[in-house]
Each structure stands twice: as structure tokens, then as C-alpha cells.
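Both of the next two complexes hold chain A, though its partner changes from chain B to chain C.
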Partner chain A sequence: MLKAKDIKEKYVRSHPSPFCPGCGGGMVLNSLSRAVEKSKLSKDEIVAVSGIGCAAWIPSPHWRVDTLHTTHGRAIAFATGVKLGNQDLEVMVVSGDGDCAGIGGNHLLHGARNNVDMNVFMINNGLYAMTGGQVAPTTEHDEETLTTPYGNPSSSFEAAEVVKAAGAGHVARWTTYHMNELIEEVEKAIETDGFSFIEILTQCPTRTGKKKNMSGLEMLEWYKENTSKDQDTEKIYVGTLSKVDKPELTEQIYRQIKEAGGDPK
Partner chain B sequence: MKEKGEYFMEGNIACAEGALKAGCGFYAGYPITPASEVMNHLSEELPKVGGRFIQMEDELGSMASIVGASWTGLKSMTATSGPGFSLMQENLGYAVMTETPCVVVNVQRAGPSTGQATKPGTGDVMQARFGSQGDYELIALSPNSVQEMFDFTVRAFNLAERYRTPVVLLADAGVGHMREKVKIREDVKTVKRRRPEEGEREFFDTDREDHVPPMPNFGEGEELLVTGSTHLGDGTRDTSSFEAQDNLVRRLVDKIEDNREDIEDWEEHHAEDSDLVVVSYGSMSRPARGAVRKARKEGHNVGFFRPKVIWPSPEKRLKKIGENSKVLLAELSLRGYRMEVERSVPSENLHIFDRLNSLPTVDKIYDNIKEVL
Partner chain C sequence: MSKDVEINIDRKLCTGCGICIKFCPKDVLDESDDLNQYGNHFAEVVAEEECIVCRRCELYCPDFAIEVEER
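Take a look at the complex of A and B:
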């Protein structure tokens, strides 16, 4: 296994980091890089697709792979074109909760339904951080945000459960506290021939932290205390939610092309 | 894919056949009247030549996925009509900014909004040019026959690949649903994007006169940075500097503007020396051309001008025509191409024949020509 310094050299472009002190974005980049290093993948095979928001900046421009930094919410649809275009590419989508489950919710549902082979990482900090901390589909009921000064009148969106119901091949949830488990889950996602969805609860000390008067470290402690690998507790479940075998879209379409007499190469 | 020969064919099918002939390798779409036949036909024919077909969840996704597929090296396309074209504007702008070759077919119908789905209109002419945010130029072609649905689809792919830009085939329900003879040749000329030469590492800037940088594919080890944010020549995002914004956006506009000579195309008859020139495009140009023929037969000195490439608009030619003669703009909308023609032709010389819902008879336009004369 490479040392931290070597991982950084191999996988991270030397740009000034745009992330706030204590942000979880760098931890996600670290986890993804380590998982790829442990896997059989060459980084030349990876295309990292992202949309708009803080999370979209995790791969672009920082991850030293092919990157496609797209429009708000549409990353999964772009990624579908990339995967169908070239089956040999390993497609990774890094998306915030607003990007993925809010404005991009429809693409998320149908990416899962299609079970198109890609790994989607939903970086969930519970609000729209880049624009100042507005309420998101993942914000808890009654929670105060920039645009819910009287508390969130709506309820939060359990994205992982929805994606599971929509038919994704592999669904999991972890937090930035669980780096080792997360790396293992990313390896599983890489091995899965289908739609892998990993929700990563990620601290935002700047927006959520300020509202709750918590530092990044305190938020990590909070993840530790309030999550459980046991599904039968009141705590937030972390671990694999679903792993099913079902037809993968690219495989099906390439098979149909061959049966129709075409050559997909 | 049809063999060389003569066929009796619907316009939308001719468009799909043109795509196959041009080497289309990826189609994504969403059902919409009056464009669906393009998709229906390609769903069956594209796999036979190794191409990928997918029906997406909406037009936002269709446009997104053709851009994604284009970066894997495939010639990509989608087809839609007004409501879907509106949804595609976001990622059409993304394709402009990231210089991604792709073809977007808009078989225009009567709008605004849902309008009349089966009826023709050309109210999207300005939208094709200005629909997405920010400063940009793109190329839009305006076919007026089934033959041109085939030929212009091929040319749309060629221009997209040549200039690394989205190209809009701005058809209408008239030509899309029309059936007539189409001739498919054996020797259709096709163009592929310029690939990087050894050591060429700038994929988003160039000193070349044509302003077109080379385009690699994903998976070639280039560690590509493709972004809709303002970027430097190597793709690095630059969200603040004057130089980055000025250099990139100016080049994107110049890429179309400075290559006008190669891109522009029009048809004209007696446009030089007539008392009146009828300007028309799309399916409306057919009865308009008929009316001009009839007027000339009757001894009137009337000419005809039809832009085949509607964006960039042949503004110099239009100006020249407007200086020397009266102009009658005949179009299937109230606001389609009008502002562009008004910009080029002095108001005292400009007359309008506009029509909604369906094509007028030749006589109707002929009567208008006589009134204007």
C-alpha cells in the first residue's frame, strides 16, 4: 500500500484546495483514491463525473483522472452516455445531496432503475453549502437553515432507501467518520456490475457547524455516536442496505447490438 | 441503413437515415410529436451498425448523455421538438462551452408552450440561437425537403465534428412529416473530429486560425478536465480572471464567426436584380418559391432567397439584397426569423407575410407579392 504522500502524488492534482477548514470533501477524495489503489483498476480507466456544488469540486479538478464537470443535477445522465459510449470505462459520479437527490432526483431514480454500471457517491451534508446553507431535500424536519429560519416545514428525503426501491444493484451508507469501512465499500462498488449508490454523510463545519455551533471534529464525533452498524437501533444505519443481482444496462444494450449484427467497438 | 438508391420516404426517417450514413454511434431521446419517428427508426437501425440507442427519462437527460457519449469518441445525436428543445437548452450551452460535437434535431411545432403538437411552426429560430445563457454562437441548418432532411443531417454531423460544436437541425413538422422522393448516394462525405497529435496537450485552446482545438477521448490517459465553468487551455477551471473569460468566450464566438465562409449556405434566384425578393426558409419556402415562379411567369420581376444555414445568418447577403430591392419575408411564425431580417433590411423595404398553423397556398403568397409590388 502506498504511503499518504504517494497517494496524494498519484491521485491528487496540485491545485489550491477550495474546501473550508474541517470540510469532509478531502476525506472523500482520500477514500476514493485509496479504494482505487487497492482495486485492480488503472486510473486511466476512470471517468469522474460531477455536477454543481461543493461535492462536484471533489473530483474536478482535484482527482487525477478523466473528469467531466457538468451541469447541476445532470451528472448521472452524462455518466450514462459515457458508460454506454465505452463499456471499458469505470464511471464514478460524485454529487452533493442537493445535486443528486434534489435537482437531479429524476436522473437518480432512472439511473438506479436502469442499473447502469456506475458508482454514485452522494456526499450528504444536509444542505446547499456552496450557496450559503439553504434547505435541501435531505435537511431534517424542523431544522433551521438559511431559508428555513423558522425551521424546516418539510421532511427529509431518505435517498438511499429511495434508490434501493428504484432497483439499484448496490446501496450503502457510511460517514466520513468511517473511512476504512467506506474504502471497503467503494471497492465493492467498483466490483459491482451495476448501479452502486453510496451515501456518505459528510460534515460541513461552515454551514451546519455554524448553525449548530459544532466544529468539523465535533461533527465527526456526532457521526460516531449517532450511527450504528446494527439496523435494529434508533441510530442512523451505516453499512450495506442492498445488494441484488439484476440485468445491467450497458451489458444488455451491447448484447442487443451484437444480436442485431452490429459491433459495439 | 438504406443502400444507394431512390426512395419514397418521410422527412424524419430521412433524417435518421442521414444520421446512420454520417456515422452516428450514439442516440439518446425522449418521445415527442412531431419528432418521434427519428427515434423510432434509429432504435431499430442503429444497433445494426454498432451504434448505441437509449430512450432517456427526459430531454435534460437526452442532451446530457449525448455529450457524455461524444467524449468517448462517438458521433452523437438527439431529436426533439419545442418543449423538449426548451429542456435541452441548459446542456446545449454546456456542449458549446466544452466544445463537444453533437447534433440536436428540432422538428419545430406550433408554440408557444404545448401549442399544437402536430402542426408546423418556426417560432424556435431565435431560441436555437439564443436559448441558453451567456454569449455564444452555434450553427443551425434549415431543411425544406425530405432530401435536405437527409443531406443536412449529414452536414450537421460534419460541421459538428469539424468545429467541435453542437449543430442544430432546425426542421419543422412540415418537412418532418412530409413524404417525397429522396436520393441516397453511395459517396456521402463524412468528417471526423481532429485528434491530438503527439505531444499536443491543449484541448481547450489553440493558436490555429480555425480556432478549433484537438479532441481526445476519455480513457486515453490524458487526465482530461472537461468543465462547463470558464477554463484555461488545459481545462483547468478559472472562475475569476478576466483573461480566462475573455480568451475562451471570444474564441468560441470567433470559431463560428471567422469560419462563416465555410459554414454559410443559401439558395437564391434573381436576388440581384429584382424589384422584390421573397425571403423564406423551411417548409414555408416551398409555396413561397412556387409563388415567385408564378409571379415571374406572369411577368413580375421577383427574386427568391432561402438561407439553408440559418445560424450564422447570411447577414451580409441579406443586407445587400435589402439595399437594392423590396423584401418580403414569408415565414410560419410571427417572430421566428423576423428580427434578424429587420436588422439587415431597411424598414421601408421590408414586408411580412406571416402565417400560423399550416402552410398557405401558392396563390395566397402570390397575391401578397402583387400587393407589395
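Take a look at the complex of A and C:
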């Protein structure tokens, strides 16, 4: 069994955590580190790319791997460049829902369509938390936020379903309550040669919690009660949504370079 | 269960979110009377002898504040 002490010494760069009490950001950092430890991947092979937002602080600077902290919404675009530059790297994108599905929505779609070999973790707390809790594309209908005090008039963007439709190789959804399952899914994502997308529903006790009068702990329990591993219920489905074998972009481009007589390295 | 266990909670890291207290299956942890820099109560070990070393607190702690050591 993995010990927190060993994980902390090996994978966590700075203390104390920058996150609010009860935030799921640290739990995601913990699960990513444990999955990397279990998968026998070397830290030197990993490049973590993040955009802007609370979730972007999970890898940069707190995760002890090589990190690239990029502009708002462009993490997947930068990550594609990293992967095309060096095929041997394991590219991990950790991004919030506003960053990934909102501002970087188009990069997300085309990253999935191209099926670039990277692992994208979308930390979904349902709003723009860092800037004060404004409405995001992932905010549920009728939910109150800072900019929708009478409830969100729009419907939420089902990122995992959209990414699945866009053609990603591996799509899943879990919550921070499902730590063991999440770690296993991250391991699967690392093994997958293609675009892996894991939506992680994460509690935000500061922004969502204040509106709903819930603590981080109560939100974790809400996830337990309102999610199901059975797709036929009304509850939020958690589990693998799709796993398909598709041609991977980097391999295709490297093959074409070789066919044209060049050396991709 | 009486395993020889030592549970360390780093007070500089614990934000007092209470997740470990609730998730512990054996009620080993509880809130302390002291407040931390966030105005929350720290987690405190109250029944170390009950610990079964499931390491659930280590897994769920968002701040890497708990370490369970078997002696």
C-alpha cells in the first residue's frame, strides 16, 4: 500500500498547499501522483501542462514533474506541441472546467478529434472559482453564481459527452469521492495511446460551497449520494464513457516524415 | 485491533477541513479545540489504538497533512 509520506516526498514540491480548506485540488494532486507511482512511469518522462485557474495550480508549481504553465485555455494546444516535439514524453494536461471547456473549448474539440496522445484531466467545479465564482459553461441550469444571482438561464455543457462525440480514444468521469477508481482510471489513461479525457467533479467549498451552504466534506458526501456507476439511473454517471482504438496524430505525422525520407527526431 | 501505530498530523499543513475525521472508519480522529490560520479546528488523534492502518485519511487528505506510521 502506498504511503502518503513517500508520495509527498517524491511528488509534492511545495508546502503548504495553495488551496482553500476542503478543496479537491490537493486530492487530484494526490491521485495523479499515486497513479504515476503505480504505473512505474519515471518523473522525467512526464510533462504537465496547465492553463489558468485554481486547477492550473495543481501541477504548476506543486507537482514535482516538469511543468508548463501556459495562457488561459491554451493548455491542450501547448501540450500538442510538446508531444509533437518529443514523442517519448507522457503529456498530462490539468485544467479547470472554465479553462478547458470554456475558453479552450475549441482546442479541446480538436485535440480529441486529432487524437493526440495526451491525458487531459478536467477539474470540474462548475464555475470560475479563482476569479470569484462567475458562471461557467459547466454550471448547471438554475444554479446561482456571482454573475447569475437568479439562477443560470442556460444549460450546462456536458464536456465528457462532447469529447466522446469528438472522437477521443478514452473518456471517463469520476469525482474526488471516488479516489481509488480515479487512480485506476488515471493509470488506464497513461497506458492509452491516444487522447484520454477524464472529467473529475471536484468540490469548491469556497465558491459553490458558500452559495449552497455546504462544506467540502458535505460536497464529497453529495457526490457519493448523487453519482452512480449504472448508466440507467437519473444520477450522474461515473465510470468509463468510451474506449476506442483510433490512429494517433503523432504516430501518423512521424510515419509521414519517415516516408518522405526525413528523420522526425 | 491493537497495532503499533503512530499517526502524525502536521499542524502547519492541516487546514481543518474535517474530511479525515468523517472518513475514518474507526473514529480515530476528532476536531481539536485550537483554531488554525483559517479559523478552522485542526484534526487531532483521539484514539490511536483503534487505528487499523487502512490509510483512508492519507488517501483523502487534500493537504498531505497526515502520516500513518507502523512501528
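Here are a few things to note about the model shown:
Heads up, the rule we're going with is that the second predicted complex is superposed on the first by the 261 of 265 C-alpha atoms of A that agree within 3 Å, B and C clash if a C-alpha of one lies under 4 Å from a C-alpha of the other, contacts with A are read in each partner's own complex, and residues count from 1 in each chain.
Basically, a residue touches a chain if its C-beta (ideal position, glycine included) is under 8 Å from a C-beta of that chain, and two chains touch if they have at least 3 such contacts.
The shown structure was predicted, so the numbers you read here are calculated from the model rather than taken from an experiment.
Chain A has more of its residues touched by B than by the other of chain B and chain C. Judged by the touch definition given at the top, the superposed model places A:151 against neither chain B nor chain C. Shared-chain residue A:247: touches no atom of chain B or chain C. Of the two partner chains, chain B is the only one touched by A:64; chain C is not. Contacts of A:110 after superposition on the shared chain: chain B is touched, whereas chain C is not. Of the two partner chains placed by the overlay, only chain C lies in contact with A:30; chain B stays clear of it. By the touch criterion defined above, A:132 reaches neither chain B nor chain C.
In the superposition on chain A, A:15 makes contact with both chain B and chain C.
According to the touch criterion, the shared surface of chain A, contacted by chain B in one complex and chain C in the other, consists of residues 15.
For chain B in complex with chain A, the residues that touch the partner chain are 25-26, 28, 46-54, 56-58, 60-62, 64-74, 76, 90-91, 94, 217-229, 235-237.
Partner chain C is touched in their complex by these residues of chain A: 1-5, 7-8, 12, 15-17, 19-27, 30, 179-180, 205, 215-217, 220-221. By the touch rule above, chain A contacts chain B in their complex via residues 13, 15, 44-45, 47, 49, 60-61, 64-71, 74, 77-82, 84-86, 88-89, 106-107, 109-110, 249, 253, 256-257, 259-265. Touching chain A in their complex are the following residues of chain C: 12-13, 15-19, 22, 38, 40, 55, 58-64, 66-69.
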